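Each of the two complexes below includes chain A, the first together with chain B, the second together with chain C.
Let's turn to the complex of A and B:
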């Protein structure tokens, strides 16, 4: 199915932010993933038309970056860090617990499309090791037990938007640094909840 | 030993809302910008930065003022902020983006004014969803208040800023790979020469690429003068630096100190010692790419030059401490796996070499190692980084390949027992 009119308008707004159209490729791929949960073939066609490059060029970029998914992810993308600071703080036990609870191996999604599990490289939460991200919202200072409780909670409550603060308060421990509070923004699906459009349009040069 | 708070001052004073523009403005925020625009002399700004002797905080430690001086003349020039912080152990840019985005934005505006740039990009790694949202909100507020856009604060100077999200590739922290990524291409590093960003950067136009921490320092330098800044720290490593401390530490975190103290003092004072009163077996002084120091080398001073002279690098300022019980073969395997995963695939020695190193360490760690594995490891490392010297020689376009060599040489130079103990003691006879 081709893109909806609103989505194409949004895409064109993003393209206008850049001196050259192709630079908008990264944010457009996020739009595609937000729509379908992965980068579909239809989206690749749409994006190649919008940006003015071939479909193969779009695909070669999409496949280079690990945050663009080639298959539909679950509602919650569980990314458990395994890089050095987490590794020496026993991230392997957290990985094992999450794998056992979800029954998933690396890069797998369950049939109900609730969870996708992946082991990832450094997410910049080394002071709060071991750490995970749920839909790119960081939770620090986990234990194997807390990571299972976190998965259980997600499965029960099924929140539309995942908010780092909320998860950290319920399941987290040691943090890399003090977070400022009063922030309820979050992410849904396997895309970081971030939009660079609508930025003071009339005030730009 | 105390912290010296320049960049992390606001966030300590206002732990709940240092990211808000009102708080920033009420505490001398955007004063440096007003001062610079009132004086109207870009040369003065560049001279202050040169006087400060600040060196880039991304890892390479290149003098910022000199870098700005290289920028070629052209009608279109760009500033790109490197916020692709992905070096394992590092989380200092995250705190600056998340907790004090206006400090960065003010630094960006001043930098662009000094170098006659009308378009700037803030490239933030994709996994930093929340920091990116905070920066985006701050950019919008800055537009609303007239700090960005057309005719900033009533002057002739105009500037647009775009926040751009990466998508999960460590290699994009390398400046030319970052530029490719920003152009909508695969994040593969470019050859230098000819692609020096200051001459042929973004869209082949002259481009400044600076780290988040470097540009966040600019407002302080303008408010207090480059000379004042250069009095902090030691010669060759002036000013403060935010060190990220992690590993087997009682109190991990980001600490902003003047460079020049010893690692041991730093770990004891701010990290509050090692977990469970253990001793240090080894530590990484500057991110996963840096060769390790042993627990006997804790008196090395935290300056760019001292660490380089001791055979490693201060890099991104990430200190990772490993206690006496750490299995260093596993630690090395984790780091090598990281680089194998993040290799962009352009250069054969890195693409194939890092993968081979990972496989060999994997089989040693799982008890299936061979006696010949040590010489095989050395041979592969030598193909990526001939001679295994420091600073590394390279057979690759960028330093990612040689970075995977660091943990292996660290292991073999100082802790060869650990790897030998995991190898079989008898050679099986082929039948």
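Let's turn to the complex of A and C:
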């Protein structure tokens, strides 16, 4: 399925922001991921036509970065940090409890497509270790117990949009510092919420 | 010339150009630094770390990659220190962590840089006990290339080549870290005209050719340098033969011509040499086909030629003979004219639709390929350069990369439009290739050429084209700029034929001068004008009307099957001689294969026939012909004799000139709607008899823009029917929006288009199924 007209218009708006068309590649890949939940081959063909490089060059970039998913993810992408600061603050037991709750191994998605679990390298929240991201929205200072509550809540409530601030208030603990930009837009699917490229979701009212 | 600087390598001083890389400077002084990723014709990347050397820095000695570090005055380099050796051992040990040790079954073994350098610089043993990385092996990434990802050491030579040099990046690194692999996009094979070069530059056996896989071991190969005959660039090649079979052709680095690269046609077009369809004995075609001896056939032919003095004798020559052979033919033709006292009706025609008078009058103006590197502006108005002079396209691409400006005229060369500063299409030039505006008023043209160094690559874009506008452009450029011109005739040894035949005419002259009322004898020499020409139909009619047709060829084809007698000939690799490329550089072709059956080279036939005219005359050998031929070259200082060409300093060829005389009338047509082009791959006898590449020319499609005839209903790969009188051809459509409205591009060297009359209109009809689709 080739891209919808509105999506192509959005893509062209993004391309216009750059002096070189191919510079728009990374944000366009997020558009593709938001559309399908992963970077599909159809999207790669579409992007290669839009920015004027070959399909395999798009694929090369898309497969290099681990935040671009090559396979469909669940509604909630659980990224638990395993880098050094989190490891010291016992992220291992957070990982174990999330694994136990969801029954998933690394990079697995459950049959209902609710959760995808992954262990990731540093997500830049060392001050609030251990930290996790739900659809790239960061929650800091988690405990094994809180992480299970978080998963239970996601499973029952199935919120369309997750917002870091809310998750932090409900399940988080120690927080490193307030983020410079107060971003309460939140995200859905496994795409970071970028307001200016249109992958961010407005906060629920 | 900038001043040289001095650096110190391993304790001795060497002098080098500033701005050179350490690895280059050392190489030039005979100090070899091991490397995998660095290639002198490509930008350095520093991927493999094999070329680490120690240099003195303000902070003490440091290991740096010599392929990305430039020399500086008084730089101290050590390429053999203990630290360097340890680094080399370490790099090799790491590379071998995942490289499979399947050398016994690997085609590269024996000429493998990884194997050789492991022997020379490696640690001798591995400490690695874990499992190696595994991939499916090998996978085809195109019809002619196979990829074994386990063997790949990620040097990025192939991906850089396809991006930087050939400009069709269809292979790239996929994934990251331990999973990194070279691959193509699914359903988008590595279909490049230059893909074979990646096999040649791969430092391991990761990329292999279907045609060479498991055929030979490198140490069993017999090798000889020669010159490719596929287009008139005259790329330097190395022919690799084992057990009297040509197995592989490699590019040799000749700075004047190909810089080491080859097109896939030049590289893989050789299997036909050993095809069982080759004609190896003279064939007499009467009511049935029978084999005859050479002597019988010569008697028969001389009888036909000499018995009727007033008959018209036409020689249609192809581009695959050597200069010596054209020279021998010319001699024979001159003596025949004298003997028959009939110079009017004996003519030599060259079988190339694109031949016209060209620009040869002023030798000073003739450019070299190397001039492209120094020009400010490159003007291109010719047939599709990527298809017809592929390695010249690579040179142009390099020039553009180095900041030279490329301007393209006309409706061809749309495939390289993105390289241009300006593409002067339909607003400037109409469909008949005439200027819509005065040349001096073409916007932006003057600023690119006024008092600048301009190289113009000029030739007909289409077989039926008024050449007057090209001449106008030439004259304008000549007045305004410092002009060098390259005549873009593309077929094999065209320029050798022009240099060594007193007067060359075109196929159109053959058609027009043919006089039914006379007795007609026609010789075709390695030419197949009944296929591949816009005049094919007319030529076929005339060959059928002729009284006696002699064909010198290697195969039965559309032309030779109309002959009365077929004489088996030889190909390059089976004869010694010289060829002339488009800059008038004379290059050597060498013999490495035995001649099959009773086949003889063209010159031997001409020599025997000459002997029939005059008992005294006989050419003994190629060397004798070569020395006779040399006498007529203008520059006596350096003649293109075998002796001179075999000298080490002349291996890159000798530039020399002869007066050129082409008698061709301007073909002027109005209301052109079909533009005939030649694609790299077609249905020539040699290609269809080379199994590895025979399928590459089988696709039939025409090109037109979106709006032509059907508006937006057209889609890529739709099927249309071309109709003209009783001819009807079903083909696929390829949408090319760089074309003007109502212009159809037809690849004349692909089967099925030969019956179209270029002077009549064609009807286009969308195939039914598609029409219904577009309505619903």
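As a working rule, the second predicted complex is superposed on the first by the 188 of 205 C-alpha atoms of A that agree within 3 Å, B and C clash if a C-alpha of one lies under 4 Å from a C-alpha of the other, contacts with A are read in each partner's own complex, and residues count from 1 in each chain.
Here is the rule we use: a contact is a pair of C-beta atoms (placed from the backbone, for glycine too) under 8 Å apart; a residue touches a chain by one contact, two chains touch by 3 or more.
Everything numeric in this text was worked out from a predicted model, so none of it was measured.
Student: Specify the outcome, clash or fit, for chain B and chain C once both structures are aligned onto chain A.
Tutor: They fit: once the shared chain is superposed, the two partners occupy separate space.
Student: One more residue to check, A:64. First (chain B), second (chain C), both or neither?
Tutor: Both: A:64 reaches chain B and chain C.
Student: Looking at A:55, would you say it contacts chain B, chain C, both, or neither? Reply first, second, both or neither.
Tutor: Touch partner of A:55: chain C, not chain B.
Student: May I ask you to name which of chain B and chain C touches more residues of chain A?
Tutor: B
Student: Check the residue A:78 against both partner chains and state whether it touches chain B (first), chain C (second), both, or neither.
Tutor: The answer is neither, since A:78 touches no partner chain.
Student: In the superposed arrangement, does A:167 touch chain B (first), chain C (second), both or neither?
Tutor: In the superposed model, A:167 contacts neither chain B nor chain C.
Student: Give one of first, second, both or neither to describe whether A:22 is in contact with chain B, with chain C, with both, or with none.
Tutor: In the superposed model, A:22 contacts chain B only, not chain C.
Student: Once chain A of both complexes is superposed, is A:123 in touch with chain B (first), chain C (second), both, or neither?
Tutor: The first partner, chain B, only.
Student: Applying the document's definition of touch, where does A:41 land relative to chain B and chain C: first, second, both, or neither?
Tutor: Second partner only, chain C.
Student: Now for A:195: first (chain B), second (chain C), both, or neither, which partner does it touch?
Tutor: first
Student: Once the two structures are overlaid on A, work out the angle chain B-chain A-chain C from the Cα centres, in steps of 10 degrees.
Tutor: 80
Student: By how many Å are the closest C-alpha atoms of chain B and chain C apart after the superposition?
Tutor: Between chain B and chain C, the minimum C-alpha distance equals 5 Å.
Student: Please write out, lowest number first, the residues of chain A touched by both chain B and chain C across the two complexes.
Tutor: Shared contact residues on chain A: 53, 60, 64-66.
Student: Which residues of chain C touch chain A in their complex?
Tutor: Touching chain A from chain C are residues 168-176, 183-186, 188.
Student: Can you list the chain B residues touching chain A in their complex?
Tutor: So the residues of chain B in touch with chain A come to 11, 15-19, 76, 85-91, 94-95, 98-99, 118-119, 125-130, 132-134, 136, 139-140, 143-144, 148-150, 158-160, 162-170, 181-187, 203, 244-248, 252-254, 284, 288, 318, 320, 322, 326, 330-331, 334-335, 337-338, 341-342, 344.
Student: Give every residue of chain A touching chain C within the complex, in rising order.
Tutor: Its residues touching chain C are 41, 44, 53-57, 59-60, 63-66.
Student: For the complex, give me every residue of chain A touching chain B.
Tutor: 17-20, 22-27, 29-30, 51, 53, 60-61, 64-68, 79, 82-85, 87-89, 120-129, 133, 136-138, 164, 174, 176-183, 185, 187, 192-196, 198-200, 203-205
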